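Some structures to go through are shown next.
Okay, so chain A shows up in both of these, paired with chain B first and chain C after.
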Partner chain A sequence: MSAMLLKKEKWPDFVGKLTGKKVWAPQGEGEEMRFAPVNEGEAPDLAYGNTRVPPKQAVFPQTETMFRFQVDGKEIEEPQLDQETVLLGVRPCDARSMAIVDKLFGWDENDPYYFKRRELVTLVGLACSEPGINCFCTSVGGGPAATEGLDLLMTDLGEDYLLEAVTEKGELLLKEAGDILEEAGDDRYKEKEKLAQAAAQKIKRSVDHEGIPEGLPGLWEDPLWQRVSASCLGCGTCTFLCPTCHCFDIQDEVEGFAARRCRMWDSCMFNEYSLHTSGHNPRPSRRERTRNRINHKYSYYVDKFDVIACVGCGRCINLCPVNIDIVEILRQVKEAL
Partner chain B sequence: MDLDKLRETAAEVAAREDVKYLIGWKKGSYGYRVAPGFVEEAEGAAGLIFSPLCTANLATYLTLVEKLPLPRGQEPDKRKVALMVKGCDSRAVAQLLVEKGIHRDEVVVIGCPCPGMVDPDLLGEKYPETEEPAEVKWSDDGFIIVRDGEETAVPRDELLAEKCRLCRYPNPVISDIMLGDPVDTWDPAEDEGVSEVEDKDVDGRWAYWQEQFSNCIRCYSCRNVCPLCYCQDCILDRLNPTWVNRSVNFSENTAFNIARAFHLAGRCIECGECERVCPANIPLGKLNRKLAREVRDKYGFEPGLDPEAEPFQASFKPDDPEDFIL
Partner chain C sequence: MKTNDNPYIPYHATVEDTWFETGGERAIKTFKVVFDDEEVRKNWSHRPGQCAMIGVLGVGESMISISCSPTEGEFLRFSVMKMGKVTQALHQLEAGDKMTVRGPYGNSFPLDEWEGKHVLTIGGGIGQAPMRPVVEYVKANYDQYGGLTMIYGARTSGDLCFKKEFEDMAQDDELSCHLTIDIEEEQWDHNVGFVPQILLDVNPSPENTIAVTCGPPIMIRFVLENLKKLGFEDDQIYTTLENRMKCGIGKCGRCNAGNMYVCKDGPVFSYAELKEISEAFA
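Right after this comes the complex of A and B.
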């Protein structure tokens, strides 16, 4: 891994070198921030906590047109995807979520829509120095300066950014930036390590998941599910804002004779999600749906892909309208084991 | 409010044989957070609270509970649900009674006269959220923030939630049991939020809502939290025919938000929950209060005040204004 230094005053030059690529970065104000395309010639401000909507939308858009067709015709027209995109300022938890979701989309068949975008995307991360109060990445396999899923990691060292390439794509970015970068000495690298450790220590919340993946299915009828789901509103906030939630629905949308087949985020917290054509619903109430959300993340996914499908970003806790807190649910699960 | 009295009353109600469970507010899992508390046994009442952080309108749970098919021979549990309500929440209960969404003998309403809630966003800006337990209390002329073991007095105007500044009914309009004496009502503020949008020209209003609705992620938290959005078969969920496409874009988002607003005209009781829960920070309160204002100004009707009232959208008077019909 090669480490380079970028003076902060040269940040706009670094962004300027990304010509020909679409640049996405956190945009908006305060808590409303989300990843969106940056206007050409602008250098995004990276001083922010984390975006409210995760960057998963860059590789897995909320609504994706798969193809267009005429109701009375036989031709289909697929949208062309060839635009390289660079995401700037991705938090390590969100980058890790993409590495986790890759497993699902690449499991039996490679999902062409997902991987097409995934291959065109370069993830430039930003290490966290001030974790949020509901962050618990360190207890689910991540960290404030974790590199999994990233192509390049940036760390704010005050006057400079330390840039570390993680993949070939990252190396390429460093090469393209050329002489605006300086070699980083060992001392700067150590400085970064220290910052990362300090940030990790600021994380207050944690999940003790030992035994949970194996134990969860045994708690199927446990009264805890009724308890933790009683106040659930059945909305999609937790799942839509979750960086690892990846469920989608496919619909044909028709206007006159013009139609398009598209897929869009779906949420296992919706009644409609598991409703069968017959009218039967195997998850008829919020109790079963909440149980499924936790089981999927902390048991089924582990069983299938050997990794917990939760990166500890804390969004579902921050934004649940009724304070349903996954850390607290997992504590109760642990207690019930 | 006297918390001991609240807990004592709640324990008595929860212990009643004709009560299934009681819904109140309890301390949340961290910081300032408050969560809905479901109390089945009298002992559970010990955790209940009533504070300026109890913004959630619990009346939504009356219609949110799924009616699942029962095993053969099992009788449905017809016991009552007890519910703690503030002024605005009680209006939701009254409106549900008007619409026969619930029946009076299904609920025990415990009224909590409300001196006004804090705005969680304003609170967070000045006294940031913390992982340690923190709380807010009422003082004679404002709020007291209890955080990091320190108490800070804050003037009422500084943190009072918008819906409370506009509130005309801080005391529950219906109740079976009232906790404490009614609070003094206050002069409701002018609804500048609605007026500001009203004052824009058509293009300005369009541009304003276009920006807002473009942010919608269609999580439906506004619909689900709304005590008066309780259709068993919501048009948003229908696929055949599809009234609103699942695509998330400005056009479909607008169809959704406008449809919801119109369905609430003359029914919205202005509890502000839709705006509070929206993860995209869409000012939904403005939209619903605009329609409430129209109904109030044009028809002299306010929903959720009289459980015996005729539903606004089902009533007709020969002298109703019709100047909007071309």
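Right after this comes the complex of A and C.
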């Protein structure tokens, strides 16, 4: 399908056409933006940088019910997942992260909760024109207008949005929008290409990962791990807010006889994450946990799934309370190779 | 064998029989369990070395090695040390009570590849739990193997699991069964000494032999050292790893040792493989 044009004044009409689907978009103020359901009849403002919490929460909620049961019974009741959802204004790095995490949740055996939600979600992306100061997507396989993981890509062309369908789901949205869209001429498409290039030029940070996936395990005892983890508080922000981090814990919650088994985000930066019941911990300090985090993203994941588990969104750098910087860590890794 | 396509939904099972292997604060209790659903019972199949997530609804689940061989019948056995929240809840269960089971998980000992070879198991304490199905499997298919030698030890005779069946084995002239305890006791007529030392005393030939070991890390360290002294090659030695687990199917992340998920790529590894895993002995 060729690219379509949506006049910004018709944006509320476009959102209005998404009937029957739950619409999520970035909401909040300043740095506190996060994806949340949009009230019916409202059209979200897409002028924002990126959300603090990545949109992974829509397919992998921070806490989700796996099943409900009575502690004295045998019946196990699984949740009904049937709500179609559209996410508006997803940044290309975050959409790409879902394509990456799909591999983990799909290897060997499908994770039913994740894929059920994934099938029901349509990702409408918004190309970046003003990348953040710690963005480095272009060096890890992405870009300000990359489409991997997206169903539809929107680009802000001033008075209009350019809409390009990436998947069948995206084409369906364009079809449903119908006559509020106009055919976009070649010139508008070229305008978008130019903007994307300009945005890529504005990205100042990068990771030179050549040789890192193979070389990282060889740096196991290197002093750099002590150095880069010395100031770490173990707060877990870097992993909770990482769009490719997928680790979870499973817990039972009981209230009287009614109970549920649920899973919730967990972090490899926490002591309890790998602590054995015996008291032994194979990763006893933040040095080992930091080493695992970097190895997991830049070596183990590449080994297993042939892709780096980092999309360069910069959240872990922006939000670390003690300014630990993954780009700087990888620079030191590269230097030590 | 799935009767439910959601791998996180456990099966219900009933404790048919249960007994204590050892006493004390960290007692080990064995559960013989049978699936409630006949279809599940018929379709279940596991191999020695595999584990299962067992639990109590409302408390949680723990990954426990299946301590019986599929050759023993349509039931499962778990030997559980009382350690944390879930194992304490399991220890409350008596015959007739319910537990949940899902699995089986992980790879297994490559017993098919070992056909024609002599199998040597070296276990310590609760580490005998994953060894037991190997012993039972080889015993049940004895004509396909070159022989069986078992070395098993614990601190005291009271800390030995599966005592009765091993004492019977020790009487069997065909099998080479060596029980040991760390400290001399009255009325103990087997070996006295640490497992790695008994291994040297038994002096097994590495020729056409596979050595399998599981036990406390310190024991494994010296067993590996002594196996090397006896001339065993890295690919003749197998052991199992354990790590904290939640999902059992390679999703929740935590059980990795280097680039391997212990729940999926393990728990069984050859020493040759372990040497390549950066975190294997962490």
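Note that the second predicted complex is superposed on the first by the 336 of 337 C-alpha atoms of A that agree within 3 Å, B and C clash if a C-alpha of one lies under 4 Å from a C-alpha of the other, contacts with A are read in each partner's own complex, and residues count from 1 in each chain.
The working rule: a contact is a pair of C-beta atoms (placed from the backbone, for glycine too) under 8 Å apart; a residue touches a chain by one contact, two chains touch by 3 or more.
All values reported here derive from a predicted model rather than from experimental measurement.
K.L.:
If chain A is used to align the two complexes, do chain B and chain C fit next to each other or clash?
P.N.:
Once chain A is superposed (C-alpha atoms), there is room for both chain B and chain C without a clash.
K.L.:
For A:251, is the partner it touches chain B (first), chain C (second), both, or none of the two (neither)?
P.N.:
both
K.L.:
Would you sort A:276 into first (chain B), second (chain C), both or neither based on which partner it touches?
P.N.:
Touch partner of A:276: chain C, not chain B.
K.L.:
Between chain B and chain C, whom does A:14 touch in the aligned arrangement: first, second, both, or neither?
P.N.:
After superposition on chain A, A:14 lies in contact with neither partner.
K.L.:
Quick check for you: in the superposed arrangement, does A:325 touch first (chain B), second (chain C), both or neither?
P.N.:
A:325: touches chain B, not chain C.
K.L.:
Just chain B (first), just chain C (second), both, or neither: which does A:69 touch?
P.N.:
The answer is second: A:69 touches chain C but not chain B.
K.L.:
State whether A:109 touches chain B only (first), chain C only (second), both chains, or neither.
P.N.:
It touches chain C, and chain B stays clear.
K.L.:
Kindly classify A:161 by the partners it touches after superposition: chain B alone (first), chain C alone (second), both, or neither?
P.N.:
A:161 sits against neither chain B nor chain C.
K.L.:
State whether A:235 touches chain B only (first), chain C only (second), both chains, or neither.
P.N.:
So A:235 only meets chain B here.
K.L.:
With the two complexes superposed on chain A, say which partner A:304 touches: chain B (first), chain C (second), both, or neither.
P.N.:
Touch partner of A:304: chain C, not chain B.
K.L.:
After superposing the two complexes, find the smallest distance in angstrom between C-alpha atoms of chain B and C-alpha atoms of chain C.
P.N.:
In this superposition, no C-alpha atom of chain B lies closer than 5 Å to one of chain C.
K.L.:
Show which residues of chain A both chain B and chain C reach, each in its own complex.
P.N.:
Residues common to the chain A contacts of chain C and of chain B are 249, 251, listed in rising order.
K.L.:
Would you mind writing out the residues of chain C in touch with chain A in their complex?
P.N.:
Result: residues 5-10, 12, 36, 57-61, 83-84, 87, 98, 242-244, 246-247, 249-254, 256-259, 264, 278-279, 282 of chain C touch chain A.
K.L.:
Which residues of chain A touch chain B in their complex?
P.N.:
Checking each residue of chain A against chain B gives 31-32, 52-53, 62-63, 133-134, 204-205, 227, 230-231, 233-237, 240-241, 249, 251, 253, 262, 264-265, 267, 270-272, 284-286, 317, 319, 321-325, 327-328.
K.L.:
List the residues on chain A that touch chain C in their complex, please.
P.N.:
66-67, 69, 71, 74, 76, 78, 104-105, 107-109, 111-113, 217, 220, 246-252, 254, 259, 261, 263, 266, 268, 273-278, 282-283, 288, 292, 295-296, 299-300, 303-304
K.L.:
Could you pull out which chain B residues touch chain A in their complex?
P.N.:
Residues 28-31, 33-36, 38, 56, 60-61, 64, 66, 68, 129-131, 215, 217-221, 223-225, 237, 239, 242, 245-249, 273, 276-277, 279-281.
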